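Here come two complexes built around chain A, the first alongside chain B, the second alongside chain C.
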Partner chain A sequence: MMSEALETGTPSFMDRFPQEAAVVRASLISSFIALFLGAVFGLIQALHRTDVFRFLDSQYYYTVLTAHGVLMVVSFTIFFLVGVFTWATVRSLDRPLVDIRYTWAWYGLMAIGTLMAVVAILGGFIPSTDISADVLFTFYAPMQAHPLFYGGLAIFIIGTWLAGADYFRAWYAWKQEHPDERIPLQTFMVLTTMLMWYIATIGVAIAVVVFLLPWSLGLLDSVNPLLTRTLFWFWGHPVVYFWLMPAYLLWYTVLPSISGGRLFSDPLARVVFVLFLLLSTPVGIHHQYVDPGIAEGFKMIAMTNTMFLLLPSLLTAFTVVASMEHGARQRGGTGLFGWLRALPWRNPAFTGMALAGLMFAAGGFSGMVNAGMNINYLVHNTIWVPGHFHLTVGTAVALTFMAATYWLWPQVTNKPIFSRPIALAQVVLWFVGMALMSNAMHVMGLFGVPRRTAEPQYQGFDFVASFGSITELRMQLALGGTLLFLSTILFVSNIALSTGSPRMSGLGKPLSEPLSPAADSPKVLDNLTLWFGIAMVLVVLAYILPLASIITDSGIVDPGVRPVPMLVDAANGLGPISAVTDAASRVVAAVVGVVP
Partner chain B sequence: MRDASPGGILLGSAVLFVVLWEIRSALGLLAGVDTNGTVFFVGTIIFVAFVAFGLSVGLFQVSAMIFNERRS
Partner chain C sequence: MNIHNYEKIWLMAAILLIVGFISTVTYGATAVGVDMISDDGGTVNASALDEDPRFSEPRVEQVGENEYEAYVIAQQFIFRPDPITVPANSTVTFFVTSPDVIHGFEIVGTNANAMVVPGQVTELTVEFNEPGEYGLLCHEYCGAGHHTMEGSVVVQPQDEFTQGGDE
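Entry: the complex of A and B
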């Protein structure tokens, strides 16, 4: 059992805000259920595609893959982040939410939406029903799901919108009482993240509500695959930052305190979140480098914007490591690198977050390969790509969330974590398992092994490995996936057993103040209207011409897309302005045609 | 000098294993050296186990920390 020495005598979040703590608990529990189910499907998938153990027919592989993807990157991550954001907003504003019934309403919508989508996905295992959603997490056309899936997604996203509004309401109420104060850092991070989310979800909302759902219901005969794909990626890349930004929030505001020190710079943290708000969305086309129908110039713009996005991540690496070093030196660490030993490595919350950050660096390097237009062709649609995002969302985000749980859970339950040694073993096991699995995925990707394939061995075909063998790499992938599953079991069990821990008081963990406070930064950083406006302008600049050109070339609901690469739209006889006006007239004609 | 803590040995062994195993990929992809996978894996495990065992029984020691390690 965790030692009572953890008690600080400080009132916990649950002591101070019991109603909000209940919402945080519900959100975290929902996310852990999704994590467990997602891990089961992940293990099935890893053992199936490596041919280690197959108990399902390969026709169900996409059902398994969809369940793994949606449960992990939609349900686990987003339920966890609304829990953390609720905690962070209430804690940093030091006031309760405006109306707890409203808060439960958005949680309920998210839960209902998730259940609908999961039922639709699991229906794929029952051939006798017409319910299925084997469309993967990347659910754009031409693959079609049951309306229940799209309806569930729409309701889930509406729930997140209302959650964001909840945080803005709390901030607005706080602002009335503190008109001259800077926005507290955690609330600032929550609000900028939600603004980014509002912009990003424009794309997926249009894709789902205007095209995919009516198409699934039979109201539309066809949809334009390229258009829905582009709208999906309008959301599909910034959603990566929606997962990452709560991890950043934890790295910036919790990790320094756990390290025994203080955040190096509050202003730098604000700059980073503003940069994410500005740059997260106008980059989605970098997922479409091999798509015909989008001119190369637009892809070049997306690549340039993506490379700019490295800046806030590099700033974060500097600020967080500097904060950790400050903490280590406060604890007595000395020397050029000797301070590393002074960090609290026996604390699973610290070790998990630090290892997550380490793996994120590796994920950043492989991400640069994905983002480069020319070198992307080498790895596009290979298993390299899952190797990359298992380092980013699968470790930087997931491991940070699990590690942070060991710190946060006692504060929202007033019950210590069941076992600290198991927690430490769990985060280390995740690190080793992911290193094995991700390494195998990256290397196999370089050898051309495809992603999203139940039997990449095909009929006796084997890929040529430049060293070792493909069999060896498959075994490495399977071993890594198994270790990750065991790590998940340890995590979920540890949290579940913690509910039996004796209730204690004084488990609150105060967060330290930054070395350089908000007062050191210009007030314009807190002008959310300004940054939201600039972000919208950037999105319009990045997307209006590509979307206009897609609609002009291939219609709004026309399934035929010309399979030819394009250099510039002018080559088609369409200048940029005429492309936009032509697309606009088509949209108007379509709306007029639908509305009687 | 003092003995390493069990947590430190666990974490250090994990990182050491990952670093050594990644070297095999680096040798193969960058230098074109095709090491024997089984031998490399077993060798890595043996080496990591030896280091962990040595640290746990005091065969090797880590530099003393000049502070009282806090559990936070």
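Entry: the complex of A and C
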């Protein structure tokens, strides 16, 4: 493989854009640190809640779970996203970013924000401090976290906003140089995704900056829990697509080349991303099907929009499979299914992404169950739900990211991967581990076993399994979780060991052009202002009435609802040291709170 | 923009599938009368439940022939009343609220499944046919003792049922 790369001798991303490559590396490394820590916590959960091995007091389970959720779905995914988006923008525009100091500034904000939130969460393990944030990654009020937690989230999100602005700046500069050209496909995907993100984060930004941060600082006496919860889910669904879009970008633009073929259609890829921009946000209420205080009609609207959101994913399934088939046939594959054998299964980047896609199909199926409002009643908040999203974000996204790293990492470091066979074993191990863990979760969920519970064993009743036994399912979950943890260790060590590989140039891998180019599509597809405008209108239509009715029924803030700090007993928590740290952190948080 | 024939077929199939989904759920919601949780329960002052006519005394109350209403408080880390006792062959409308944080309300093994939000009243209607006992659990994280939060719903044979809001 090395010699092959040297023969082609294509300059790598790092050869061409060394400064941007450094930012991509920093983002990916931050992402992998989060993945590693998240996997440690994930393993603890898998062993604790199944009663296989419990070494922590069960009250700390929730500290662990908060850390797992935040590290995985905020830090791991979003740091990886900005890494890939930076690479994709610069690569496809074929020009450097406008000002690399600005780029490091947003990276720095994201890193500081993460650190603040993680410190607040880990404080939960140390009862002698009054810093804690055992509120899970959904931080539903009136459970209250330390201000550092909310402040950290706010700073992190501002970092991502500035990152988006960086990509827009680069595109704007490119447009001056190429006035009549179509937006390159990867940049198009980056920009539409960031527009979606700007709309989506309005919800969480208001929840955190206007309500929760001032409330945790004592500046506001109460909040309306239904309102902050609804604002959370305003963001909480589209964030799912924010995790998914970098994976789609890789499936559309990298996977066809790795398969040895070409993307079927550039125009259709654009249509898919526009659909996500339009439809991702006006659906969040589908997480609140069983909430009080929201009329049935609003839930029906969210449900209908959600079903339409299946469309771009179904289209993606088609394009991805068709492009792989094209690749296989280019490589000499024949027959109705025989072409499958001609795919490069020994390539970990290919195999990982293909397995991720396969699991996504399964996840899509269980997702349709969740989305159906009446069936949702059976599975809401049971462990079925983590079973579902470990297939989607936990595999379709996470495994694609890991697989793509095997392809991308050499191009941003000029060092080949330490071991390809280990990489291949790693992606297969993830697939097997997840098949076990997620299957056990889905089945237990159907029998009513709740999620987010340290000891799902009750005094007054037992869960009745109609096939298999609950004990067997617990073992399956624990085993799956252990395999996933091992797979993560293999991944992280393989990348870490790659830093010892000899540095070489010419590791670049060019991407193939789509069969049907952008020129085939109407120009209006590239009119980002238009799509952004329509997306805003749809969001306003979907949310204005539910929000207005929540506010008229129970107020912008609800004075009857008191904060419930998630603290270990305040009486023994307020030692002299914690009083000092408390004062200091409140000052920090206050200063920070002014920045937004 | 030229779209490949296979793509067109796939697109049509996808749209049909989606419309199919929407119609089954809509049919379920409107025609068969699957009950959805909505804003019917209204709101309540979460720090003054003891003064509220509905919640000052958590209880089960008969409101018609075979029709009952249950006023339930979910709080860190218990349900009141516990057990919730109802007769067989009855229709019970639960009104559930919380004085502290968000909780869950799941009658294990049934699709009676809802969120409980302080300041809001969750209303859901459940039909109980056979006598028996169901586990009741909180399935939303509500604090360090969340995993201990359970209760039960006891469905008594109709002739044995004695009304009471005992806690």
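Following the convention adopted for this analysis, the second predicted complex is superposed on the first by the 548 of 596 C-alpha atoms of A that agree within 3 Å, B and C clash if a C-alpha of one lies under 4 Å from a C-alpha of the other, contacts with A are read in each partner's own complex, and residues count from 1 in each chain.
Note that in this section contacts are C-beta pairs under 8 Å (C-beta built on N, C-alpha and C of every residue); 3 or more make two chains touch, one makes a residue touch a chain.
Keep in mind that this is a model prediction, so the values were computed, not measured.
Could you check whether chain B and chain C clash or fit when both are placed on chain A?
fit
Thinking of the overlay built on chain A, is A:N439 touched by chain B (first), by chain C (second), by both, or by neither?
Only chain B; A:N439 stays clear of chain C.
First (chain B), second (chain C), both or neither: which does A:D99 touch?
In the superposition, A:D99 contacts neither chain B nor chain C.
Using the touch criterion from the header, give the chain among chain B and chain C with more contacted residues in chain A.
Of the two chains, more chain A residues are contacted by C.
Answer with first, second, both or neither: which of chain B and chain C does A:G332 touch in the superposed model?
first
So, does A:E181 touch the first partner chain B, the second partner chain C, both, or neither?
Neither partner.
Should A:M143 be classified as contacting the first partner (chain B), the second (chain C), both, or neither?
Touch partner of A:M143: chain C, not chain B.
How many Å separate the nearest C-alpha atoms of chain B and chain C in the overlaid structures?
It is 15 Å, taken between the nearest C-alpha atoms.
Both chain B and chain C contact which residues of chain A?
none
Taking the complex as given, what residues does chain A use to touch chain C?
Touching chain C: residues 58-59, 61-62, 65, 134, 136, 140, 142-143, 224-226, 229, 264-265, 267-268, 288-296, 299-300, 303-304, 307-308, 310-311, 314-315, 318, 322, 368, 371-374, 377-378, 380-382, 447-448, 450-456, 458-461, 463-464, 516, 520-522, 549, 553-554, 558, 560-562, 564, 566 of chain A.
Okay, in this complex, where on chain A does chain B touch?
Result: residues 3, 5-6, 258, 260, 331-334, 338, 341-342, 344-347, 350-351, 421, 424-425, 428, 431-432, 435-436, 439, 442-443, 446, 466-469, 472 of chain A touch chain B.
Which residues of chain C touch chain A once you look at their complex with the stated criterion?
Touch residues, chain C against chain A: 1-4, 6-7, 10-11, 14-15, 17-18, 21-22, 24-26, 28-29, 34, 36-39, 41-48, 76, 100-102, 104, 106, 108-109, 111-123, 133-135, 137-148, 150-152.
Using the touch definition up top, name the residues of chain B that touch chain A in the complex.
Chain B reaches chain A through residues 5, 7-8, 10-11, 14-15, 17-18, 21-22, 24-25, 27-29, 32-35, 37, 62-63, 65-72.
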